[in-house]
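Consider the two complexes below, in which chain A is the common component and chain B and chain C are the respective partners.
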Partner chain A sequence: MEKKQYERPIIKSLNAGLMNKFGTRTEYAPMTHIDNVAVKDLIREFGSPLFVLSERKIRDNFKTAKRIFETRYPKVQFAWSYKTNYINAICNIFHQEGSWAEVVSRFEYEKALKNGVPGKKILFNGPDKTDDDLRTAIKNDSPIHIDHLDELYRLIELATELKTKPRVAIRVNMDTGVYPMWDRFGFNYENGQAWDAINKIMATDKLNLIGLHCHIGTYMLVPSAYGVAANKMADLALGVKKRYNKVISYIDMGGGFASKNTLKGSMQLGVDYVPEINQYAEAICSTLLNAGFDKDELPYLYLETGRALIDDAGFLLGSVISNKRLSDGRRATIMDFGVNILFTAFWYDHKVSPAQEFGMHTEDSVIYGPLCMNIDVVRENISLPPLKAGDQVVVHYVGAYNITQSMQFIALRPAVVLIDLSGKPHVIKQKESLKDVENNEVMPDYLKKIKL
Partner chain B sequence: MKKVKQHIILYIEGILNSYSQIFFSTNKLFALLLMFVTFFDLRLGFSGLLAILIGQFTATVFNFNKEHIRSGSYTFNAVLVGIAIGNMYEYNVSFFVLLLMSSILVFFITLWFSTSLAKRGLPYLSIPFIITIWIVVLSSGNFFSLKPNIEHTYFLNTIFPGVFNQTTQDISGYRFANFIYLYLRSLGAIFFQYNDLAGIFIVIGLIIYSRIAFVLSVFGFIVGYLFYYFLQGDFTPLVYTYIGFNFILTAIALGGFFVVASNKSFLLILFMMPIIGLLISSLNVFFINLHLPIYSLPFNIIVLLCLSALYLRPSANGLQLVGVQQYSPEKNHYKYYNSLERFSAETYYHIALPIMGEWHISQGHNGDITHKEDWKFAWDFDLLDIDDKSFKLPGEALTDFYCYDMPVLAPADGWIVTIVDTILDNQIGEVNLENNWGNTIILKHGELLYSKLSHLKHDSIKVKVGDFVRKGTCIATVGNSGRSPEPHLHFQMQATPHIGSKTVSHPISYYLSNENELLNFHSFDIPVQHEVVSNILTTKLLLDSFNFIPGEKIKWLLKNESKEENVQWEIFTNALNQSYIYCHTTKSTAYYVNNGTLFYFTDFYGDKNSFLHSFYLAAHRVLLAYYEDVTIKDKLLIDSFFNPIIKTIHDFTAPFFHYCTADYQFQFISTDDEHLPTNINAKSISEGKIFGKKTQTIESIITFDKNTIQSVEILNGNKKITATCVR
Partner chain C sequence: MKIKNNIALSDSGFLFNPSTGDSYSVNPIGQEIIRLFQEHKTMDDVVKLITKEYRIDKDTVEKDLYDFQNMLQSYKLSE
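Let's look at the complex of A and B:
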């Protein structure tokens, strides 16, 4: 028989009134294993904190999303949003599944090329593309998604210079009934900017307009907004066909599907209110199918889904550094991970589960990170069983954005491990070292010597 | 002027065909040989020719179809009548009056029999000839100016006796010389020539025309001979009374011309020859009293009886009647076996999968759960995840099942004839045995062809009874109503519009199956249990490139190492709605079909060295949908591939087995944009094999660009031709 775990005693005020409508049970069950690999073993082998990604979950998510769209619309192409998580191993899982690449910077573009993605299958997005970036993209025949008129004019000049016809799409922003409106990217639909840009492209004969792109927002909770967007995109595509007899190859609906994370300030848990991918798919596909495209000219539907495909495949493992009681009597738990590596803690109430069995009692607590900075708060209020120093926890839904947005601030960044389909862990990113951090530093000679 | 020339050609062709049609052929060389043989006796030859001209004149005066004059079908009986009369009477004025009358008569009789027998799908053979000759023979006793022909004064035998005697002597050195005499003289007897040289010329012509016909003629004759031998009859008199050839003509007609030549058709001949023998003997006894010759009467009777029997069979198994007559036992044979391999299933109505994307067949035909007995020809569809589960955990709610509420499409154009949309969806694990089919749509695609989609989601049906829907329209969503413990789609074909009707086996026209991420192309196949299947997504560039419009002219610039050449094609559609490409430069024709998913050639006539023939091989079967790694396979006609010598040798044994085969493979290589291609490269390989060993390979690269076939590059051995489309 295993030794029973010691749990420190707690003092809790007695609520004599009616029971909380959610009952008395704790929020979470312990999470001791990820894909049948013990959290304990992972931390022992790779250290704490540690990012863990499940290949099984990633592939399952992708196949599910692909199936959901392809059983509703005959022409679907996913492009992996590099900014969501661009560890090469992760990108290549998506590329193996047939995903193209969607990048928003030269650095990501080079990464995609290096991963073996053909230039034709890299969608180049974003407002910041230098002449050199554009030249490279043109030479590789990558679809360039134009964000503003200056870029459009530059492209016309570069096309003349390179004597090729770059394949381009324009990014369109629009009112879908969701506010704030993302009108800072691309050309607006309602005020005619989008048509203006299309007319300019069609008038030059220097650019080949092959697609239309939109990205109506992030963490969208209203699927019908996608229906509105798809409708406006289809209207543009049909308009191009009608006015210029030009068939638009694809409509890129961008990303923005919500993951199961819980947004700060929301009443319910994310898992309970976030729409299923089915609902987004239904809104987009039925709109496009019924928009009135010719049977043989139905545009491809491109999707740059990132978050919804990987958030729940990522876990952050960490350990308790210490417990303390705050001045107002609240319990505080200090973890070895903070906002430096869990950037999304700024807008999500991340789900945190203990990684070992615990008793029936819980205590309201604050979770702080290890940084010597006041902002380093992981959860402002969470009900946790009494944890002691050295206990381990698992933070859920961290696959998207955290690894790419993590900061080397105060502490070094942890290793990233991928658990493959057979349950074998692979390090896909080494733990950062002092050498890594100092690698690009240059010390002028006169500062080399110090004497204290 | 041009018109006059065309007319002259028409009548000359008509004359030649009148000779070769006697052997069911339209081969001109054969015709010339036969005509030459008739002129062995100048009088016979002349009266035969005259009879044709009279027949053609009559047909022209009465304004009959010119094409029948060209094919010789009105006048091949006239040749026989002319020769027969020439053989019977001496030339004088009365003779020519008789020839004129009987040639007109035989034309009318031909007309009458051609229409009355055509109603039963039967040929009129040489019945008009026999009837005419009987009329002449019976009447001639009353006309004393007609002098029986005793001396064959103008017979070449009397002019060049040496040649004829030498031939006979040469043959006597061979084994079975007596048999050879009989065989040759029987052939000669068809044209009233009782000599060996005539027989030899006819045999040469016969081999030029058809090797299969030659083998059949020898086989038939041997069987007939042996029959007489075993029954101790006297065979020899049959030959000089012009009756022996009945065996030969019957063998060719039933062994390879009206029936597809095969080992089975030879078996038929084996049984028919003795019957011919019986008929000859019995008819002879009867007609000898009337002083009438029976000539080819036994052949006519047996062929008609036998063909009627074959037509009346309840099912056409075994012996196959020739569908479209190609006037050659070889073509009939190869075409039939090639069509069997290529198109045996393509007569089915095109039915697509009623789903979008890749679905899993959870139960196929003859399934072990519910697809049994009268309902065995049905499919169940669902969707699986990477663990092969059809639901996400916990799998307790309908919405946990991946296929629930997914779109269901119309499998083909059709009318909605029956709808049930009132049954609530079951909870998981429950079944509704009372309304076991659940919510259902039945579509009518044609008489006796209905499709039925069942277990649909309650209240999801988007169509009404009487609606006409197009293939691929979303008509409902997948549900869990009826005898369905978990959401799935039930799909079946049936012959009646009722819920609960018996199912019929019907293939899916074209689809892809995914086996470990490898796509396989299926045409007119039946998806099986656990197959993952999807519909084919066609590519606009390919559809546009093969969208040939009648009247469209396509010009090509051909280049090889030494020269450049221009050819021009034109697209036509004939009265039977068959489309074909006609090459003006080489006067060749290639028939094709474009059904929106595939483009394929069905037939080729003309110059086998033409670029059209190379294109016919290169684009023999093209999938109009860009899929890399999907291979389209097909079989080529042997005679369109091998050189004439190999093919001619192969013909002799073709009815029994094929040692020459020709395979075709088509694959896409690359494209500039896989989602909206403006340029595609494809490759096809045609391979000839003799006894399974590769002997010849033709590789073709087809480039599609700007909505047309831009260029075709053909590599045949070390010869390379590049064809570029010129606008």
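Let's look at the complex of A and C:
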């Protein structure tokens, strides 16, 4: 007689009617395949843990967002936010789709150039631009988004030195009615700083003010805030036209559209409360169209959407190292991935699915990572089926800000695989080796020998 | 392990403790193990029976049984 499938014995106390921080079991259907490729096969071939990205999902997300904005506004240009995920293969998918590059550091700037993005299609953001960075951006004719007065004054000096008129925008921060207000970047709209910067640029005549840029926050859940921001940006652009007879050629609304991830402390799942992209688009586009621009002077709308285009295209595959029981009776499951590679676990309750079939019974659990540190908690409260050592899981919504923020702390970072449109997996980043980690270390001669 | 005499376990895995009024849900293997304990089987007997019936090794069953017994004790379902 064939033996039956084993599942760990579990007993769970029933507390009908009471609030339960573990929630109901609604999201734990097994995920055995990603784009028709078996999770089991991916882990067998490329190891565990493993980041997997779906090219199909990325392209679908981009095409959908592009269509949503282009059906509402005639002049739209996306720029891929490198910091969201700057693996070159990923950047090039967005570039193939027509996205420019949006970078916030020299390192990212160089990546964009190496990927073949023309300098004039690289938007250079961020507060940290050295003289050398600015000179390079000026020579490449990249739009430079000025963050502070020191940068503005350096640019005026460099423009004089290089005998050229760099194309610039100023970053504007503003009150859009949401908390916290992001006022650390750029010049404030309400207190007149933005106008001070604009007046300085126009007065010197050394810089070519071509655009206005804002980025009102991250994971914004209120689409109407974008309407407020677009209104203030349009007011500035129209003001520049009125005061200096200068047409602002683009308004860059930045990024910040939320993905469907679930924020920690949220009572509902992200998929239930996160606005759709068309809600953001409606708020922005209708405001700009109704702002009063002349037909021929309607500014381009630039968008630096990152997270909302890639978070759900990324998966982290991992395996159970062990199970244990905590002193209060909760089940603890230790995985082979932790906050070192899943940095967003600090603010999201990631959806975690088993990669194999289980019965209907679940246990209230905590998911820990493998780091020998107390902070290494992937999920504080989660209902999971009875996983055993070696079982595999899929973590969802990890495409944004995890690979770029991953830490090399006591463990080597995993490989990253892209599943192409035909369902073929490609390694787009090799698993790290000890050699990679030690590459830049230097051992002084006197420390080379040890004797124990 | 001796399960308390008055513990009621249904075929659907609903377990009721009339002494406290507490109720629990138990998965199918858990039910089988509780029934074996109710039949006064020893830990070794249970391990043998489970490994014979299911695709699983002895060590895993033993580890899981220790944990399951602890949970039964902590819920005060055993004597």
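To be clear about the criterion, the second predicted complex is superposed on the first by the 435 of 452 C-alpha atoms of A that agree within 3 Å, B and C clash if a C-alpha of one lies under 4 Å from a C-alpha of the other, contacts with A are read in each partner's own complex, and residues count from 1 in each chain.
To be clear about the criterion, a contact is a pair of C-beta atoms (placed from the backbone, for glycine too) under 8 Å apart; a residue touches a chain by one contact, two chains touch by 3 or more.
What you see is a predicted model, and the numbers here were worked out from it, not measured in a lab.
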Partner, of chain C and chain B, that touches more residues belonging to chain A: B
Which of chain B and chain C A:200 touches, first, second, both or neither: neither
Touched partner set for A:359, first chain B, second chain C, both or neither: second
First (chain B), second (chain C), both or neither touched by A:4: second
Touching partner for A:297 - first (chain B), second (chain C), both, neither: first
Partner chain in contact with A:60 - chain B first, chain C second, else both or neither: first
Partner chain in contact with A:75 - chain B first, chain C second, else both or neither: first
Touching residues on chain A, where the partner in the complex is chain C: 3-14, 323, 325, 329, 359, 361, 386, 388
Residues on chain A engaged by chain B in the complex (per definition of touch): 56, 59-60, 63-64, 67, 70-75, 77, 120, 167, 210, 247, 249-250, 278, 289, 295-297, 300
Sites on chain C touched by chain A in the complex: 13, 15, 22-30, 32-33, 50, 52-56, 60-61, 64-65, 67-68, 70-72, 74-75
Complex contacts: residues of chain B adjacent to chain A: 355-359, 383, 385-386, 402-403, 405-407, 472, 474, 535, 537-538, 540, 543, 673, 675-676
